[in-house]
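What follows is chain A paired twice: with chain B in the first complex and chain C in the second.
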Partner chain A sequence: MKKHSKTLLGASLVAAALAISGGALVAQEKPVIATVVKISGIPWFDRMNTGVKAFQAANPDVVATQYGPATADAAQQLQIVQDLVAKGVNALAVVPMDPQVLEGTLKRAMDRGIVVVTHEADNQKNTNADVEAFDNADYGKALNQRLAECMGKKGKWTTFVGSLGSRTHMQWVGAGEANAKQYPDMQLVDPNNESFDDANGTYEKAKEILRKHPDIKGFQTSAGNDVLGVGRAIDEAGLSGKVCLVGTGLPNPSADLLESGAITAIGFWDPKNAGMAMNSIAKTLLAKKPLTNGMDLGVPGYEKVKVTKGAGEGVLIIGNGMVLADKKNYKEYLF
Partner chain B sequence: MNPAPLDLVDAGPRPARASRLRDLVARRPEAITFVLLVAICVAVSVANPAFLQASSLIDIGRASVVMGLFALGVFVILAAGGIDVSFTAIAAFTMYSLTVLVSKHVPGLPMPVIVLMAMAGGALLGTVNGLLVHHLRVPSLIVTIGTQYLFRGFLLSFIGTVWIMSLPPQMGAFGRMPLLQFEAASGATITLPMYFLVLPAAALVTWWILNRTLMGKAIFAVGGNAGVAARLGYNLRTVHVFMFAYAGALAGLAGIIHTCANRQSNPFDLVGTEINVIAAVVLGGARITGGTGTVLGTLLGVLLVVVVNSVLVLVGIPSTWQRVVVGGFILLAAAFFVTCQKKS
Partner chain C sequence: MRTTGGQLVMLIAINVLLLAIGAAISGGSFLSLFNLQSMASQLPEIGLLAIGVMLAMCAGNGGIDLSGIALANLSGVLSAVLVGMFLSSADQEAAFSLAFIAVAVLVGAVGGTLNGLLIARMNITPILCTLGTQMAFTGIAVVASNGRAVTVGSPEPLSSIGNATFLQVPIGFLVFMAAAGLIAALLKFTPYGLWLMLMGTNPRAATYAGFPKARVLVATYAMSGTLSGLAGVIIAARNVNVKWDYGTSYLLIAILIAVMAGVRPEGGYGRVICVVMAAIALQLLSSMLNFGGLSNFVRDFAWGALLLTFLAVGRYDLVGFLTPGTRKKPV
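The block that comes next holds the complex of A and B.
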């Protein structure tokens, strides 16, 4: 019942917002590409919006805009996508909250001739193209390699994931574990701690691990807030520089802990470029041009993409947009 | 094998001991909480002696502060036969709005004023709860589910969704100020922060209100039977407004401490942790139907939940099983309490 009332409220707000912008949408002759994100207003998707705006500025022959629900709720996102389909946009660029929830609606959209591009959903069946910033195994391996170098390739280390059900996180730490196998002196202890992306909970858990393993040397983390929680535990214990921490994180929030040395390095992909890549693919598909292996999307990190068969009829496009930033270079990516 | 408390509850052949236990549970339910707490600590120490360090105690103490403040508020409302699930939204609302206010408009505001403003803001939102509960004559669960969405929605729609990572310096300093600090054998620094003192202080004030003032008598009377309490001359409106405002003030205080300790203000934070807090209060021996319970029991309940949550890795329970263990434990312990209370 809680969920339902929230959905209704969200849906009616979104419907009202769309009704206001709807007049503009219908009157346009130019093809409309609508980007739909998981949640509006958080730094990650604000950065993606910057990319959508940059794409719009560079491509005046299309109309590119971004939408998203106010809370991370798959049902609200579904409502937005349904409304956009009803309004008759030409292309949808979606970052699905839950790919399963959107399958039916995206199928209806494709049946109507709407181009569908997705991101962070390599298991989405009803899409023309799903674009991923990088290969998940490569990313996990790169994080672990950075950690191994910091640890001097020896000592105890552990891993954090957002939740055990998070597929990408499990892929990252899985690839990390595989990478660490080449260093026999690295010993994985109490792996796959769940953080639920909660900085305070992660902090408590990291404290507990530091108590159980006073000689631990490394942490590899996955969810965006994990580096903040683990980093604070390392910082407060005065272990900055003695314990290595490499994980997914955003430059702005991590700035202080990168400076103090509590975080060794953060890994991420730039949502700005991902947003531009999605729109670029949508535009290519709208122009009925093919997507070929090795093609250049005209976006940094997506100059030579790998195109393979996707989970459904569409293709899976993998870029090389991985960024590992440390104290020296994080300032180039402040968002 | 020693007779575990659970065996005694329905132990037919030992009626004398069983009834004595029931008596104890009825009169001093927090004694059971205490026994459980000690039993868990002993079991964990046997499983992993690394638990027996000063740093464990300090970590548990620090982790109890925010949950403890929430739990004291919930306890006061539960004692009067109500329930509140909006306190996390109140905490998130006050801590985030206040951080925005201080960092953007009045950067020099001294910390004591910030704390008082957080409590006042929380009390104000709590008053809204109290007035709605009293005048709508709707169960407080329904009202506070509604206000939880209302407060959180207002916060996210009108005040902001962007995380504040650099707190105003006085707030950061408050979060870091040490009460106790020493170095462990491993070279790690262990700190008990100053804000820990807030919890015992709040517990004392709550105890004093409930046990030494007329308002305390009124709260328990309303929890026992609201109709009778009204006929005895207690003003229900005052009681409702007071208890929700008090819980709101504690929530505001908890929120600002959470922000300072965490060195960030995240408007999406806290909401979703209500159930843990309510479970802690029930494990402390307060009846979910109201009229009973003690401050000491509530604090023991909080310690119990915090300890269970913070020894799972130490004991070596794999992360796939941690939620099962915590859920199972809360279920068993709460069922045990409720069964005993029914029988007595």
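The block that comes next holds the complex of A and C.
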């Protein structure tokens, strides 16, 4: 056995040597931009991958690919980022699972001269640029405006948030309330119901509200599953089309309720465009070009971005990438 | 006595093969010094946890330690919170580092001892006991940190453990090798090592032979816990922040490494060198697939295939089959 194992070892070593000499010829000249998402194989990030592919197709002078862990674990994402740094990519576009866990690794990446762009992480310190799809106040206002138009700018309405501690949700409904103030006939009743992003719980709560206020005309919701719960309650009460519902949601799960008219419109941002925007920013930074206020990233919804100081040394870039989809156009965004 | 060289040879061959494939698909950059350092610095966290699992498995009677990563996180979080109350990581760097390391390792040792006491004294089945303590440790870490990440910062010398190199070798890796070497020596040269393996082979005989069973068990789980504490230190050193839900996937990977290394799940046999080699093989495989730009689902598949291969090798003595002269008798 000893002799055999030595032969095996020797053969493997020769194979290794050959592989090195052969492989060195295939060096890549184009800058490599690696997009790392929270988890691969879920609709949201598959949609982002569509964006990365679209960016690659439009920019043959760079190599853009998407990576992501198979399990939702910050440690797994960390390993991928670290391997990509070692591989020597030129830029990283990361959607951090947990921004704070990645700080150390992203710092090491930046120390090696790698451009780092992040998304959904406006508290990330070690990044050159963090890009967010929209300003939270603008989004809340847009949702409410859509609701107000559906309600004919009058009647009782209420709001749902994921939880009272959810910062973005409170910003959205806060901006919505501020917007509704311009219409004196709109009357806010029992605001800020907590849904905990649970469609069933939201359904029960929406039924209660429909009983308590039979004349209610509108709902503005925040968490992703809220439209489904409230929509089902409206649908079952036979009020589809009579009560307006506008809130954050995804096209595929909401399709049936949009068709039946129980959901008036859903708001979201398109991960495809967010992926393209991240890559576009990375490419700009790789070309050593500055990021300026009001610049055009060449991506829908990011034509005139707001650039401000970020949490760390880098900048915070805010686009206008919100999408409001209704029965007519949701099919353009099936994910 | 089992002949066990085969497993080690297989593991080494697989490592060499993985290095070769990695070099081939990456155009040589897989073998660059920086990537070797990068992989070596990723290894210690999971490697330390895998050695802990190995120790628990060797103890026999269904021994396993499911609380490893939870305890590592608890060590990091609790130590960061406690030490952070008295010292500032930015101003008193050396004092903070030393105190952080000491408290983290201590928390690990205490947690491990708790496991050992529950299993040895109260006769709780290890899998249930460590599942329970896993949840308890996670719970304490959540409460201690309010569910948020706790900032450790990068005080020297703690930050060097995660980031610096000594003679081009990452210091974290050296710490890991030192710990592995120490455990290996302990198993090989002390009566404790012999007791542990014999007890794992036949617990009843161990009782009649008058082994200090309870003490061996407590020591084993305490060591596993201490290794978790050390893993917690390395996680903190690398990541600047510690959080209670870090590395949830490590639990199963650590067990996977131990089984791949030929540690007998029924107890009584396990070699540290094989665990180290198996951990390296998994690291190489996962880095290689990342280099190749392959989906991480392929990695899960490859790990599974590798594990099944090793189980087959262990079961059917494939190495002996290929070299008939040394073939051992079928059992």
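One rule holds in what follows: the second predicted complex is superposed on the first by the 280 of 335 C-alpha atoms of A that agree within 3 Å, B and C clash if a C-alpha of one lies under 4 Å from a C-alpha of the other, contacts with A are read in each partner's own complex, and residues count from 1 in each chain.
Here, contacts are C-beta pairs under 8 Å (C-beta built on N, C-alpha and C of every residue); 3 or more make two chains touch, one makes a residue touch a chain.
The structure displayed is predicted, hence computed values, not measured ones.
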Checklist entry - If you stack the two complexes on chain A, which partner ends up touching A:41: first (chain B), second (chain C), both, or neither? => result both
Checklist entry - Which partner does A:71 contact after superposing on A: first (chain B), second (chain C), both, neither? => result both
Checklist entry - Of the two partner chains, chain B (first) and chain C (second), which one does A:86 touch, if any: first, second, both, or neither? => result second
Next on the checklist: Looking at A:57, would you say it contacts chain B, chain C, both, or neither? Reply first, second, both or neither.
Outcome noted: neither
Next on the checklist: Contact-wise, after the overlay, does A:232 reach chain B, chain C, both or neither (first, second, both, neither)?
Outcome noted: first
Next on the checklist: Touch test for A:105: chain B only (first), chain C only (second), both, or neither?
Outcome noted: second
Item to check | Shared chain A surface residues [contacts with chain B and with chain C] | outcome: 5, 9, 40-41, 70-71
Checklist entry - In the complex formed with chain A, which residues of chain C make contact? => result 5-6, 9, 12-13, 16-17, 19-21, 23-29, 31-32, 34-35, 37-39, 41-42, 45, 149, 151, 154, 162-163, 238-241, 243, 245-250, 286-287, 290-291, 293, 295-297, 299-300, 319-320, 322-323, 325-326
Checklist entry - Okay, in this complex, where on chain B does chain A touch? => result 48, 50, 53, 55-56, 59, 63, 145, 149, 153, 156-157, 160-163, 165-166, 183-191, 258, 261-264, 266, 269, 309-314, 316, 318-320, 322-323
Item to check | Complex contact set, residues of chain A against chain B | outcome: 2, 5-6, 9, 40-43, 46, 70-71, 164, 190-194, 198-200, 203-205, 207-212, 214-215, 228, 232, 236-239, 242, 252-253, 255-256
Next on the checklist: Which stretch or stretches of chain A touch chain C in the complex?
Outcome noted: 1, 4-5, 8-9, 12-13, 15-16, 19-20, 22-28, 40-41, 65, 67-71, 73-76, 78-80, 82-88, 98, 100-105, 107-108
